[in-house]
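Given below, in the form of structure tokens, are the structures.
There are two complexes below, and they share chain A, which is joined by chain B in the first and by chain C in the second.
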Partner chain A sequence: MANVTLDTVRKTYPNGYKAVQGADFQIHDGEFIVLVGPSGCGKSTLLRMIAGLEDVTDGNILIDDAVVNDVDPARRDIAMVFQNYALYPHMSVRQNMAYGLKNQRMAKSEIATRIEEAARTLRLEEFLERKPGQLSGGQRQRVAMGRAIVRHPKVFLFDEPLSNLDAKLRTQLRAELKALHKRLEATFVYVTHDQVEAMSLADRIIIMSAGQIEQIGTPMDLYLRPASRFVADFIGSPAMNIVHGTLGEDQASVTLADGSALRLPLAVNAAVGTKVDVGVRPEHLEAYSSETAQFQLTVDFVEQLGADTVVHGYQKGVENPLALRLTGIHAPEAGEILSLGANADHLHLFDSVSGERLN
Partner chain B sequence: MKRVQFSRPLFPYLLLVPQLSIILIFFYWPAAEAIRSSFYLEDPFGFSSTYVGFENYHNAVTGSEYGNIARFTLVFTGLVAFFSLSLALLLAAKADAVIRGAKSYRIFLMWVYAVAPPVAGLMGILLFDQSLGPLTHLAEFFGWDLRLGVNYWDTATAMIVISVWKQVPINFIFFLAGLQSIPRSVREAAIIDDPSSVSRFFSITFPLLAPTAFFLLIINITYALFDTFGVIDIVLKGEPGNNPITLVYKVFLDGFRGNDLGGSSAQSVILMVLVLILTVFQFRFMERRVHYS
Partner chain C sequence: MTDVQTTMVPQTTRPRRQIKWRLIGDHAILITGSLLMLLPVLMVLTTSSYDNVTIHKEGIQFLFGDQLVENYQQALFEKGGFTKTVDGARMLMNSLILGFGFAVGKIVISMMAAYAIVYFRFRFGTVAFWVIFTTLLLPLEVRILPSYEVVQSLGMLNSYPGLIIPLIASATGTFYFRQFFRSVPEELLEAARIDGAGPFKFFIDILVPLSQTMIAAMFIIMFVFGWNQYLWPTLMTTDESMFTLVRGIKQIMQVWIGANIPDYGLAMALAIIAMTPPVAIVIFFQSWFVKGLTESDK
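After this line comes the complex of A and B, so read on.
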């Protein structure tokens, strides 16, 4: 089990493309870290640098306080699970798991013990003599995990391991993965583009955009206090409502596009006239009161999901459509105007230009 | 497999006619003709022929030279197939690892493929020329007095080198394509599992190339047996003397130089059967082991 430290790690490709621009963080022993972000944000590159499959352009990667920049991937004491499983098609499940151990010159009896143990954990006992081609997608991914587990590595690396599976299997394997982490107490670094996966699995999430780290924090940190508009938008479904405007004279109201004012129940520490984005999550809109900012939502259409209802609508002077999430079953009519409010705790203000959080 | 229903039952056969007629005219007809004439003794001018049963076969196989030529053919085929496959695999593995200028490397390695066998033979002769040939000079440097067309094994060496050189590019193309069809993540998984690139090559890359290698093995054996005719003919300048020849070249010599059409037909039928056995063997016994999924 191990710490992983990234010390101002950069990756620039020979063609000049900057895939990672300064990653600087520490992963603690036994932590489940999820790297999340849209495709092309550099999360996979970062993971591959930790694995040693990509060179580090600048900065240092440390595993247990030893710089591993120039250490061969096979000698970093890591294990990686790939999106498309990457099993060796000509080897049986048992041979797939044994291959890495054989190359470490491990005793045969020890290899057998470890494979039994992993097979039991992952319910693969009956498939050990089969070839990957004879297994289903979920079974293959379990074999890939087994191949990682048997190594007893310091760090487990996962590169979107569930993306090729169907939704039901994904949920099931997600739970298994979480249980596995709990049992192994190992350091997990997990890459995904799926924010639900990130929220449900992570101890801490590292959210990236365009090669930059936007925020590092627990899932609830990211949900409750997103550090930037990007994070606010990325985490949560349906996405956070964003209202563009200009900060008014009193620093406690925002002038919308049509000249109307949105009064805020808080003071904003920014220059008057700053372009701001006011954000509020669909589930945080409540009945309007004198303590809240007021939104006038004209109902457009309604999505009834059973457990909750998502009302989609719009407001005069607001460019973006707005959404409201209600618990239980509701059926507002299209065209109906709902008077809604958001209290100070649930309002997020961002600088329109830099995207940084203002409150 | 998707089945297509035709409303008129004869229509699909009509579609097959061009392909079938090519096979019939250019393969089955000559093959049948060869089998027929292998049972006859023909006079050199083709005026008359006498049925002699298996006498042509008997004479061919018991002929004093036949055993030697068959043995040389075996050695020649083995060496040509081995060297052209292993060199091509080495080049492909190296070219696959090249990142910068990969395309130019690959084109340079492939273009020999476009050279016709007799032209390859001619270029080979220039390389092995007694007074000008750079390869002769190279051999001389190592103390080897290489004499093309004079010494049996020197001529054999030249034939093998030229035949290998001619065949490496096509093997290279197939091996490179095979290498590139191995998923990147499988190789990366192997990099994490195994620190030695040599051991990785033999335990992961090569087994995954096995279907390609198997296919190429057949192609190369057939090439060495038959298609090297052009190279051999140019190297020998049509006058074998006491130089090595392969069975196919002997068919040509006996039939067209010796005017023994019956005997040469019998030999070509023997070769035909040989290839048939080889093909059946390879597809029946070996292909089963090299395909996955």
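After this line comes the complex of A and C, so read on.
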């Protein structure tokens, strides 16, 4: 088990593309870290650099306080699980798991013990003699995990391991992964573009955009106090409502595009006239009396999901459509006007230009 | 569909008949085709069972005669040629050595070349590939004189290595293996790297087993190519004990028996013998061959 430290790590490809522009963080022993972001944000590149599959352009990667920049992937004491499983198709499940250990010249009896142990953990005992081609997607992914487990590595690396599976299986394997992490107490680094996976698995999430790290924090940190508009927009489904406007004279109201004012139950520490984006999550909007309400939502259409209801609508002076999430089953009519507001804790203000959080 | 069929019932059997005619037409074409392919071979087989005088007098025979065993025995085991040092069995062995040598050698060399081109980034790698590729446009006949010169000056005339090694580099093979290796997912290489497999281990443990069907396909193509070589062995061998079957058949036609009749029966028998091994190889590797050419699931 190990710490992983990234010290101002950069990656620039030979063609000049800057995939990672300064990653600087520490992963603690036994932590489950999820790297999340839209495709092309550099999260996989970062993971592959930790694995040793990509060279580091600048900066240092340390595993247990030893710089591993020039260490061969096989000698970093890591294991990696790939999106498309990357199992050796001509080898049986047992041989797949044994291959890495054989290359380490481990004793046969020790290899057998480790495979038995991993097979038991992953419920693969009956498949040990089968070829990957004879297994289902979920089973293949478990074999890929088994191949990682038998190595007893310091760090487990996962590159979108569940993306190729259907939704139901994904949920199931997600739970298994979480349990596995608990049992192994190992350091996990997990890359995904799926925010639900990130939220449900992570001890801490590192959210990236265009090669930059946007925020590092626990899932609830990211949810409750997103550091930037990008994070606010990325985490949460349906996405956060964003309203563009200009900060009014009293620093407690926002002038919308049509000149109407949106009252804020908080004071903002920014210059009057600053272009701002006000964000509020659909689930944090509540019914207010029409005098105290901040939003007047005209209902457009309704999505009834059973456990909750998502109401889509619009407001005069607001360019973006707005959404409201209600628990339980509701059926507001189209055209109906709802008076809504949110608690000061649930309002997020961002600078329109830089995207940074203002409150 | 059912509606259409019920309304057609009063018109009785007309549509059915049309389908039948098409069936017969299809079969006729296929049968004619197969006959065109098979009949000459069959005629050679039947004719090879007569003695030379009958063949000379009456021409091609359609039924089996009584000389079958004798002719084949003679073709395989009687020393022939000018020097009486070579029999059919010897030529068969030479041909087999040439065929296998070509096939195995070409597969080994082209796999290694393709491996280098696909998996190693070296200066002028792509250029090297295209240079190899353009040699596809140069048939053996174009470079046969310099090749002869080289083999001759190395003192390799009339030897198996001299026959095999100069033709062992294969642009076709390299090209096919390159295409195949490129279709192997990148992650497999990365997984192997993490599993501690170096370049050599990755090649032997992962790539070679994955290429099985491709190797089988290449083996057939290259074996038949080697087997059918005529010009090359003709130039490289003067010693009759090094003759290949393809070469030997022609030689036999030039040897006249007592009454100045060409040795037809013997030549026909040799032709049949010469055809058998490639056919056997194709039948043996057929299922792999088809898989190798069509398989996309890695």
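The definition used in the following text is that the second predicted complex is superposed on the first by the 354 of 359 C-alpha atoms of A that agree within 3 Å, B and C clash if a C-alpha of one lies under 4 Å from a C-alpha of the other, contacts with A are read in each partner's own complex, and residues count from 1 in each chain.
What we mean here is this: contacts are C-beta pairs under 8 Å (C-beta built on N, C-alpha and C of every residue); 3 or more make two chains touch, one makes a residue touch a chain.
Only a predicted model underlies this, so the values are computations on that prediction, with no experimental measurement involved.
After superposition onto chain A, the modelled positions of chain B and chain C overlap sterically.
Judged by the touch definition given at the top, the superposed model places A:71 against neither chain B nor chain C. Of the two partner chains, neither chain B nor chain C is touched by A:239. By the touch criterion defined above, A:53 lies against chain B and chain C together after alignment on the C-alpha atoms of chain A. Of the two partner chains placed around the shared chain by superposition, chain B and chain C are both touched by A:99.
By the touch criterion stated above, A:210 is placed in contact with neither chain B nor chain C. In the superposed pair of complexes, A:90 makes contact with chain B and with chain C alike. Once the two complexes are laid over each other on the shared chain, residue contacts for A:270 go to neither chain B nor chain C. In the superposition on chain A, A:82 makes contact with both chain B and chain C. Once both structures are placed on chain A, chain A residues 51-53, 72-75, 78-80, 82-84, 86-90, 99-100, 103, 133, 147 are touched by chain B and, in the other complex, by chain C. Contacts from chain C toward chain A in the complex involve residues 185, 187-188, 190-197, 201, 205-206, 209-210, 212, 297-298.
Here chain A touches chain C in the complex through residues 51-53, 72-75, 78-80, 82-84, 86-90, 99-100, 103-104, 133, 147, going by the rule given at the top.
For chain B in complex with chain A, the residues that touch the partner chain are 183, 185-186, 188-196, 199, 203-204, 207-208, 210, 292-293.
Those residues of chain A that touch chain B in the complex are listed here as 51-53, 72-75, 78-80, 82-90, 99-100, 103, 131, 133, 147.
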